[in-house]
Structure formats: C-alpha cells, structure tokens
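Labels run A, B, C and D following the written order; every chain starts at residue 1.
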Amino acid sequence: MNSFSRDVAASIVEVRAEVAELHAELVRYGLIVWTGGNVSGRVPGADLFVIKPSGVSYDDLAPENMILCDLDGNVVAGSPGSERSPSSDTAAHAYVYRNMPHVGGVVHTHSTYATAWAARGEEIPCVITAMADEFGGPIPVGPFAIIGDDSIGRGIVETLTGHRSRAVLMRNHGPFTIGTSAKDAVKAAVMVEDVAHTVHLAREAGGVIPIPQEAIDSLFDRYQNVYGQGTDERR
Amino acid sequence: MNSFSRDVAASIVEVRAEVAELHAELVRYGLIVWTGGNVSGRVPGADLFVIKPSGVSYDDLAPENMILCDLDGNVVAGSPGSERSPSSDTAAHAYVYRNMPHVGGVVHTHSTYATAWAARGEEIPCVITAMADEFGGPIPVGPFAIIGDDSIGRGIVETLTGHRSRAVLMRNHGPFTIGTSAKDAVKAAVMVEDVAHTVHLAREAGGVIPIPQEAIDSLFDRYQNVYGQGTDERR
Amino acid sequence: MNSFSRDVAASIVEVRAEVAELHAELVRYGLIVWTGGNVSGRVPGADLFVIKPSGVSYDDLAPENMILCDLDGNVVAGSPGSERSPSSDTAAHAYVYRNMPHVGGVVHTHSTYATAWAARGEEIPCVITAMADEFGGPIPVGPFAIIGDDSIGRGIVETLTGHRSRAVLMRNHGPFTIGTSAKDAVKAAVMVEDVAHTVHLAREAGGVIPIPQEAIDSLFDRYQNVYGQGTDERR
Amino acid sequence: MNSFSRDVAASIVEVRAEVAELHAELVRYGLIVWTGGNVSGRVPGADLFVIKPSGVSYDDLAPENMILCDLDGNVVAGSPGSERSPSSDTAAHAYVYRNMPHVGGVVHTHSTYATAWAARGEEIPCVITAMADEFGGPIPVGPFAIIGDDSIGRGIVETLTGHRSRAVLMRNHGPFTIGTSAKDAVKAAVMVEDVAHTVHLAREAGGVIPIPQEAIDSLFDRYQNVYGQGTDERR
C-alpha cells in the first residue's frame, strides 16, 4: 500500500467501505442468492478498482475482505484481502473500467426476472415511465459469452456504448449494470429487476401500451438533469 | 415558522412525524424500491401540506427532513428541510389538495402489480369482496401524463372525482391514492397493490366470477360505516 | 370475569395469549396486509372463544386487547378488551364454534393465491403430496356469501362437514380454516396458501399429473396418525 | 455417547451444530413453511448422520435437539434428542447415505417453484449459465414414491447416480438435494429453487434459447474446479 499517494490510499479506504456496504443492498432487494452477484467500484484518480472476493458469504463482507485490482484484473499484491481470489467476474469488470472511462461502478447479478428475459434473449420494451426516467428506453440484450476470456466484458461494452441504458441483459446469463459510481450501478441493478418484473407481469395479462418516443426523451432528460438533490450522482 | 398560529405549528409537527413514519409502511409492504414513492399529508386548518424530499434514502426520512409546501407546491421558505427539493411529484400532490378539499393525504408508488395494470391501461375489475369493501368497485385508469405541468394532478382529480375508488392507475405510470389522512391514503396504496396482485393471478388461470352490483354496494356501504373502532379514519 | 370458574379463567388467559401471538404468524407468512385477517380460539370447557378486535394494527395485538365472546358472537361485558368491537367476521367464527364442536380454532385471511382461486370459484386439485398429507384431497369452494347474517358461517360449516379438508375457499372472498386449536387452524391457513401458490404455478406451465386416490388416502392417514412428536395437536 | 471415539464424538458435536444452523438458511431463502423441510449431515469417519426432529418449529432447532441416526435410519439410543422422533423423511436420507458414500449432506424441501415442476413431472432445462455452473445440465425428475418403504430413497439414488445434478425433483412431491456436506446440499436446495423460478418465468413469456452443450460442459467444469476460495467444499 505504501506505493499509493495519500489521496489514492484514502480513496481506496472509501471505495472498500462503499463496495462492502453496497452488497447489502443486493440482499435487501432480493437480487442475489447464496454468494452470487458482485459489486465493484473504481478508485478515483487511480487505475484501480475494488471488488468482492469469490464465493464468500454475504454475512462476511467487511471492507478489509474486499479485493483491490488493477485495470487488467490483477490483484494488487500485498493489499488487504489479496490472499483471497477476487470474484470470478473480475475480468469482465476490468474490461469495462479499461474501456469506459466514465464508468465508476459495475454490478452483476442473476436477479430472477431480468435473467428470465436474458434466457429468451429479449430486450425489455420501455412501457413504464419509471423505465424512461431511469434507462431512457429499452434494456438491450448482449451476446452469449462465457467466462474464460474477454468476451463478457467486450459484450457489455459493445452493447452499452452509445446506449442510454446503464443495464445490459447478457444472453442466457443475467444483467450487468454500470454507473457513475458503485452506488449508481447498484441502483441500476435494483431498477432493472424492478422493470423486468413489472413489464413481465404487464405483458402476461395482455397488450401493453407503448410510450411515445418524445415522451420517453422528455422523461429521460428531466430525470438525468433535475431529479434528486442536485448532487453529482444520479439517483 | 413564526408566522403560523400555535395550533397550525403544532399540526405541522404532527403531520411531519406522521408522513415521515408512513414511508416505512411503503417499505414494509414492498411497494417501493430505492428512493421511489412518496407520501404527503395536509396540515389541518392551513393551506399547507408536508411531503417527502426528492431522491433521499428511506433510511434517512426523519420528520425534520420532510418538506412543508403551500397548495401551489412551493416550499415554505425557512421551514425545516426547505434547503432540499421536495419530491418531483409535488405538483401533482398540490393539485389534488387544491381541488379536492376533503382529501387529507396523497400517496404515489410504482408498486409492481398495480403498475403492470397501468402499463396496459386496464382497470382492475371488482371480483373480490375485500375490493368491494375498500374501493366500492373497479380501480379506474387515469390518462397518460408526464411531469412538467398540471397534467398528472388534473388526471388524478378528473378520474377520482365522483368515483368511489380512492386509487387511480395513471396510464404507463403507476398508482396514486388519496385518503382522509396520509395514513388512509397509505392504506389505499397497500390495498390497491394487494387487489392488483390477487386479480392478476385470478385471471391468469381462468375466468373470474363477477360480484353482483348490489352485493358490491352493500359491502362498500357497510365497510365505510361499520368497520373498525368507530374513529374518524377509515381503516 | 368473576363469574368464571378458576379453570375457565386460567384457560381464557392462555387462549388470549395464544390468539394474540398467532397473529404474528399471519404476518410472518405474508398472509395478511394492514389489519386484515383474524384468528380465534375456543376456550376449553366453556361456551366462549377469543378473537381479534376489528381494524386494529398487527403491531398492537397484545393479549389484553383480544376480545372474549360467547358462542353467539356477543362480547362478554366487562371482560378485558370489551370496550372495542370484535373482528367483523366474529359472527362467522361463532357459527362455526356453535355447529362444529370438535373445532378449537378458526382463521380467516385474504391470502393472495388462495383468494385468486376463490375469485374463480375453483377448487384446488390435490396434485402434490404435501397437500395429500395436510388436507387429504382437494380444497373445496364454499358459496358466495356476504357479511350481515349467518350465511358465511353456514357456508363454511356446510362445506367442511364430512370433508377431510380443514380449509374452504369462500367464493370471491378468501380462505377460512379450522383446526383442533387456534395454532392448528393457523397452520392450515399457512398450508392452504402454500398449496394454492404451488398448484397455481404448476398448472400455469402445463398439465399436472394427478396423484392416485389410494396414495392420497395412504398419505393422509399416515400424516394424521404418525407425523410429529405424538402430541394431541396435528402439526 | 461413550461408545464413540473422541474424534467421532467431536465430529458429532460439529455436525449437530452445522445441521441445526443450516435450517435457518431454508427459512432465509423462503424454501419452507411451518415445520416442513429437513437437512441432514453425515458424521465423517462413522456410519452415522444427524437430522432434524419431526414436526418441530424452526424457532426451536438447537444443536441438542438434532437427532443422531445410524445408516439404517435408527435413532442412536441415549444420544441427545433421542427422546424425539426424527424427521419423517429419515429413511430416505439414510438410504442415500448407505448407497452414495461420497454424499455428506442431504436436504429436502417443498420449495414452491421446484415443486411446481415436480407436479408436472417435468425436468428443468438448462437455459441459464448459473444452472450450467451449478448443476451441469437439466434438473432431472425422479419417480412418484410415497413414504413407507425405501422407494423415495431408491428413487433419489437411481436418478442421481451418474448424473451431474445434485438435485432431483421427486414427482408430485418436491426437490431432494445432495452435496459433499450438509452446507453444499443446502446450497443446491437454494439454487434449484432459484433456477426453477427463473426458468419458469423465462418460458412463461416465450421461447427460451438453449445453451450449446459444449458451453454447458465448459461452465460446469470451470465452476467445479476453479470457483471460490479453493476449499474442499463447492460453493
């Protein structure tokens, strides 16, 4: 840790705490079971991010157990937690941080409704205003890709680049979300499951009514610029 | 605050506490995610109401964070919480209080099943006795309207005026409920999701049996006049 | 209270505590919302039962708030809680106790899946072994009946007399369950929602496989006579 | 207890504590209602296993209430808890331990979605990567069998022998899962309900996309050998 400037070292402490704490939100909203799911957060001002260890119980997620990685996904030797393996999705998170510099947080879950859409490879149409607010349109589907190389990370980046949505449904797999911070990405993970659930139910009972594109545009614009308490973070 | 009479000032304190506390009921019944949803309550004896701040975590909703507004939806300058923005739905709440003097509370959520009916623009038919008790008939659908002017508030008022139901499903958006008090409106929000859920499931598996109109009338009449412990508030 | 023998007075204290506590099980299993639902228990050795007050929050259900009634459903004057009104379903509970002497407890809820079957007036077929164990066959439907006379109680008694099931789905209304004790009736309320949920889902995705009648008989017989720790109460 | 070596006695204490504690996971993940469901764990180095007592509340499951059995399913006389009856599924657990020496834990639930598939006698197709990871293919269906002889245990063993899946859906009954330890079998019970839920929803809304067999093989292989922190236990 000695090789980091005082500012970076302080940021690492902060991001560790934030990432550790945010895993509780995945539990609170029922987005994960057992040790599934992972949250990571970029360390501001450094080519580093913090991610959950692999296969560890959500009851054991203390800040010092979080794992510090460089943007190639390698664990920073000697840092707290470095004796453990990072999440098996670390390579995908790293790929996103390397290729999307505005992204401050990444989340992956197998949340039930979003994963059901992913198993059909079907994008979620934008038929409720909360979805227009939050995602500005449909939730897109990413390619089928399995762990082992960069294909998951590349699929996320290619799908979300130039797209309003901060969520992608990786086919047969589940949602990945990005955000300006780890908290913003967790919010997107919560919201994508919420809209996946609502739109599933809506369609199950009959035809849904589309929202006109200009209303979607107007809602998205307002929400990104006006909603909340004027902080940097979308919420 | 000095400009209010002692009675009004005491009422404000009471309504702030009530509105803050009632947000926990939205969480308890799973009606909201993240910072979504809002509860407001009219201050008895004054042209004022109290509402949730915009985009603030449900873990941070203390009485002093609630925001005091006049019936045009303007924040009362200098009152506690006035440094924050009120809920982005404040204009809709204000419109309801201005135009429906008997309304003491307004609630808005994106609860899952009610919003699914709203995405189809379909009213919920009255096929269970609990729904006849509570709403006296079907739950109506209001127009499509987006934030920015009075159209949401107007849609709520036009739909619910002269209707037994205290709940309206705003199209592609979600439920708004009214009540004699904030608590009564929260009850309506809980019950509209409950009936939206039950009737969704009932229809999903086959044909539902209508309830004869005179039985609906009789149930509604009894429930409004006999049920509970004889307090002013419906419950 | 002075008019009761010491034994009966002690039983009343016990049943008050049991009935008060059992309401928490309705909450735990998500069978009720707001103040809906009610549990009652017969006082052994007396023509009395204890039931929940009407329209009171589940957070306020202490033993001394429970209401003591005679078998005509009249509140016992001067007993603790008698200043409140009993549950609006008291007449139905009383009718069951008057006409089914082996019944020690009655429960009513509007639990979601069971009420969905009730809205279609459709009995739940016995296609899972847990249902054969617990109910010995299908869950029957009772008539449409509204509050105001004996018709709900009569519908319950006529449907369940001579039937293995301890649960009846009152049409367009919801489940009523009976048991050897209040706890046994609560168990039946929990189990009827559980089987209503499972069989709903099973049928939604295709054809269910019937269980042969002799297997149902054998499961029901074993469960009533062998399962558990050999106490009087079915569990 | 005196007849056991010190090592075995220590293992029994450990397995009692583990089995008692793991029942809370069934509650946490909503896999059971009332007293349903059971977890057992083999005692390493002895022909013994520990199982839940029959019909006892999940609030009362302390280590000393767990029941020690031999591999024929007989309670070990004089051991703590031996005054109670073991779970009514003890014979099935015993059969599995006798016939599958690598199995260290067995779990049975009536979890809702898995039981719904079982009521149709339909295997769950492998259409999500988490399922390929965990089960290496579809979840198979076992025969219809009722309590009273070895037929449930035999059905489990015959179905799972030579199969990658650690879960079997016993027809019209519900899931049984096995694992290298009681915890591993509980994980399988949690995951089988999770995939039963997700695949149910996925199919409900349209056609699901199959995963190519070689991708399933690759995911299963990696997960069994790489995932987690390199302990003996799969997680």
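Just so it is clear, a contact is a pair of C-beta atoms (placed from the backbone, for glycine too) under 8 Å apart; a residue touches a chain by one contact, two chains touch by 3 or more.
Owing to the predicted nature of the structure, the values given are computational and were not obtained by experimental measurement.
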Count of contact steps on the shortest path from chain B to chain D: 2
Proportion of interface numbers common to chain B and chain C (over half same, under half different): different
Fitting chain A to chain D on CA atoms, where both chains share a sequence, rotation angle to nearest 5 degrees: 90
Distance from the mean Cα position of chain D to that of chain C, given in whole angstrom: 32
Separation of mean Cα positions, chain C and chain A [Å, integer]: 46
Chain A: positions in contact with at least two other chains: 204
Overall pattern in which the protein chains touch one another (line/ring/star/complete/other): ring
Interchain contacts, given as pairs of chains that touch: A-B, A-D, B-C, C-D
Partner chain B, residues of chain A touching it in the complex: 29, 127-130, 187, 190-191, 194, 197-199, 201-202, 204-209, 211, 215, 218-219, 222, 226-230, 235
Chain C-touching residues of chain D, taken from the complex the two chains share: 33-36, 53-56, 84-85, 88, 110, 112-113, 115-122, 144, 146-148, 171-174, 200, 203-204
